[in-house]
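Labels A, B, C and D are assigned to the chains in the order they are written; within every chain, residues are numbered from 1.
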Amino acid sequence: MVTDLSIELAGIKLKNPVMAASGTFGYGKEYSEFCDLNQIGAIVTKSITLKPKEGNPPPRIAETPSGILNAIGLQSDGVEKFIAKALPFLEKFDVPVIASIAGGSKEEFAELAKILSKSKRIAGLELNISCPNVKKGGMLFGCDPDAAAEVTKAARKATKLPLIVKLSPNVTDITLIAKAVEKAGADALSLINTLLGMAIDINTKKPKLGNITGGLSGPAIRPIAIRMVWQTAQAVKIPIVGMGGIMTAEDAIEFFLAGASAVQVGTGNFVDPKCIIKIIEGLYKAGPDLLTRGDF
Amino acid sequence: MVTDLSIELAGIKLKNPVMAASGTFGYGKEYSEFCDLNQIGAIVTKSITLKPKEGNPPPRIAETPSGILNAIGLQSDGVEKFIAKALPFLEKFDVPVIASIAGGSKEEFAELAKILSKSKRIAGLELNISCPNVKKGGMLFGCDPDAAAEVTKAARKATKLPLIVKLSPNVTDITLIAKAVEKAGADALSLINTLLGMAIDINTKKPKLGNITGGLSGPAIRPIAIRMVWQTAQAVKIPIVGMGGIMTAEDAIEFFLAGASAVQVGTGNFVDPKCIIKIIEGLYKAGPDLLTRGDF
Amino acid sequence: MSSKWRGTQAAKGTVCKTVIRRFESAPRLIPGQFVTIRCGTGTEPLLRRPFAVHRVNREEKSFEILYEIKGEGTRFLSQYEEADDLDILGPLGNGFKIDLNIKNAILVAGGIGIAPLTFLAEELVKEKINVTLILGSKTKLDIPLSAIGYKLLICTEDGSEGTKGLATDLLNEFVRAQNFAPLQIYACGPKAMLKAVAQITNCQVSLEEIMACGVGACLGCAVKTKDGYKMVCKDGPVFNSEDIIW
Amino acid sequence: MSSKWRGTQAAKGTVCKTVIRRFESAPRLIPGQFVTIRCGTGTEPLLRRPFAVHRVNREEKSFEILYEIKGEGTRFLSQYEEADDLDILGPLGNGFKIDLNIKNAILVAGGIGIAPLTFLAEELVKEKINVTLILGSKTKLDIPLSAIGYKLLICTEDGSEGTKGLATDLLNEFVRAQNFAPLQIYACGPKAMLKAVAQITNCQVSLEEIMACGVGACLGCAVKTKDGYKMVCKDGPVFNSEDIIW
């Protein structure tokens, strides 16, 4: 098999268009025992905050039909510790690292972008303006075109690194946010983050998550993600990184047909630590013509 | 078991709080062979349009992980034929009939409300302002607080029947629509209608639905429905009819704990024609204290 | 009595048969009707799966389904050689119409489309009608068939079994040989084959569509006819070929 | 070799044992560690299920898990008496720390919390440490246990087996009888029991939390400690009881 699946996404060279999604792959180290990081298209880190952040009270995970709810709440050691402790481990590997950043204000996003731009190991930034599990900032930025544009502009000014903006699905019209963010200088979009959900334990009569609500991910949300990628692909010119419930190469292909240029795998990693590797192998077999936008 | 599960919802007396959801139970007749209609809390009819409507080209159904996509497109024989042909069958049964109506304009909603108000057999109206599968009207009304309020007002003026307004989940903030509709005169809310989704057949490289996109229902969407019911219950005073992925009595109880006063079963009917009856039996066993809002 | 397990897992593409026992409505089943079966108890797969009635034993209140393993639902069923505790809904659908005055019938099956046609053939034979069943497929099928009282013609596109060629070629010959003598013609198989059959001659076709409810309530299984959309589950699955907009 | 099926379906609440064969990493497993198992191939149930290592056979590269049937995942596993084709991830977690200098150990198990403690007891016995294993439960448990080389005390709240009372009552007596002699104390069971044990004495507790990844990547299995949130899967499942904020 000599198929070449390499792509250039927003200026980042990837061996193949399959990346690990933010928050589901730690900082790479945790899964390095179970899968060869050098084979992965790119690793998007767990979202990094400026200052250390404790995260939400447990339980943080609940299972739902073909999906999971999570309310991690952006637990983070802060950007300094990320650079000092987590990043060096990745020096050994030949895989682009995309740092996901999450600020509580546009100034924090800019500050994070600036700090991380100094590191040679970072190939690009993903702005998480769509986390449903924090009170300040988070999804609020991603639900309003103006706020989303503001954050993007602030980060754009602070860095020369490729800028991917990650969109929230919890909106009436995702193309409005996509267009606003494109205009504000984003090099690519990634979608979707989790859908805001909730589950109640009928025995205790209490929510299953410590944070009451959480973000829904996994195969259950795939039809929504596919629809949003398809809509957005028609609305913007910048490339789209699609995600939401991808477990197999076939699932990934569905996203390419919908208009994605690359994909990310999140919850799938939990189900099978070799999920990404298997997807990449599957795409090599399928060949590049299945990796292009469908005609409809 | 002498538990009394009867409720009065927006002035409609129900033997129990479990109803058949619009579009999943025909006009009652189709399922009457398989389950005793007299045991059901209420039947919400397939959405009725003013004039006959052909519906969308097939395929109209696609299965997704723990859910289904549908794009029926409000196929309807029109309100006159409904009254002349479908309604008489229901005379034999002692079950409240709630007519779901879908107009292409607020005038059409008003007209439908007026026509149906003349029938003694109709106990209430459910305004479907949230169908994702039609181009004109449909979800558009349900995605904008002002438009939703306009439609509600128009229907309110045209009828004295209890008015339930059915909300779309495809919005940034469902409580805004809920409040607007409450203010405009709705007696109750029902939520959620389906989430806009899409699936692609990777063999044919074409969408699995004739209409390209469709509405996602079933267990997959339950966490989203529960969250929206919980949010809305805190925002309005009128009662809420909860639905989305209910398959068992336990699922129904989750909705009551989230703040619903009654529930509807949709996709569950397809999986098991006796689904509603089994849920009602389960609720009798669980007893009324599990059917009240949780304290969180 | 309890269900009997096959013990082995069948691969995709394999044809399997399962006997459904203790089905009270078995005596009422007529050829062309179908049942829907819940495949498992969880939410995957979610929807019931429709299957044609392949053969009925009225005395024993049992019937058989014959199916090809396609995905999770059929794989689940293939575990059962005999089943008496499955959740089965039926009889559903209209079934084939039999004209007792026309003494010759041709049945055209494409692949697993044979499932309802063997039941039909047996009923036609009981009515003393001469039956010819043409079974066409891409390549040799591994289907256990015993044609008792009627003629079974097999053809494959690659010639690996029976005549080499299409079922419609055989049908064409047959119709021509009949020379306008009255014939009842029935067909079941892939849509492309049904369309080809319909172009040769008017007939009764059994259609398939993805189904949600199976009882006419969801309006999901629409097929376009000259009289607007009809539901395969309720108005069909058997239609007059000339009513369908192909 | 292939998997061996149990043939019967176990009911909720039943305790089952499954032998996992041909597991290359079996020799590396230490008491208190766990594995995660994918229960099926579809999307229901979605997440892998964590199970403590109950007993290891290093030569045969096999190990056992002991579990209570709770839902779909455990029901799926209960089909297997022996399995060699399951998707298993491990060894995971830190495991219990053993202090070779302290010659007496008490292990306190609440119900199915016994699973990792029998493995621990066997390893402690090998190190010539005196082991007493206290197993407390609401009512008589149907768990196949063979305590070889150590003492097993059983108590039930309803008195249906062993002493009537709580495991913590027995523990209290025991600790008092030891009169401050050095002891290693380990506990595994429901959180309420672990908290009660921790109030009596400092000990090593094995905790449970709902897990998504099982490898420290998702930060899902947080438990509050004096040093902030720690991950049960990576920093645990074994913690010092005094570090936990109960």
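What we mean here is this: a residue touches a chain if its C-beta (ideal position, glycine included) is under 8 Å from a C-beta of that chain, and two chains touch if they have at least 3 such contacts.
Source: prediction; values computed, not measured.
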Next on the checklist: Centre to centre, using CA atoms, which chain is the farthest one from chain A?
Outcome noted: C
Checklist entry - If you average the CA atoms of chain C and of chain D, how far apart do the two points sit, in angstrom? => result 53
Next on the checklist: From the mean C-alpha coordinate of chain A to that of chain C, what's the distance rounded to whole Å?
Outcome noted: 47
Next on the checklist: Can you compute the centre-to-centre distance for chain A and chain D, using the mean CA position of each chain? Integer Å is fine.
Outcome noted: 35
Checklist outcome for this item: Multi-chain touching residues of chain A, meaning two or more other chains, are 65-67, 218-220
Item to check | Shared-contact residues (touching 2 or more other chains) in chain D | outcome: 43-44
Next on the checklist: By the document's touch definition, which label belongs to this structure's chain graph: line, ring, star, complete, or other?
Outcome noted: complete
Checklist entry - In the complex of these two chains, what residues of chain A are touching chain C? => result 65-66
Item to check | Sites on chain C touched by chain A in the complex | outcome: 43-44
Item to check | Touch list for chain C against partner chain B, complex | outcome: 38, 43-48, 87, 89, 209-224, 228-229, 234
Checklist outcome for this item: Note: in the complex, chain A contacts chain D through residues 23-26, 30-31, 33-34, 46, 54-55, 57-63, 65-68, 70, 72, 75, 218-220, 247, 267, 269-273
Checklist entry - Which part of chain A faces chain B closely enough to touch in the complex? => result 64-67, 69, 143, 170-172, 195-200, 202, 205-207, 212-213, 216, 218-224, 226-227, 230, 245, 250, 253-254, 257-258, 290, 294-296
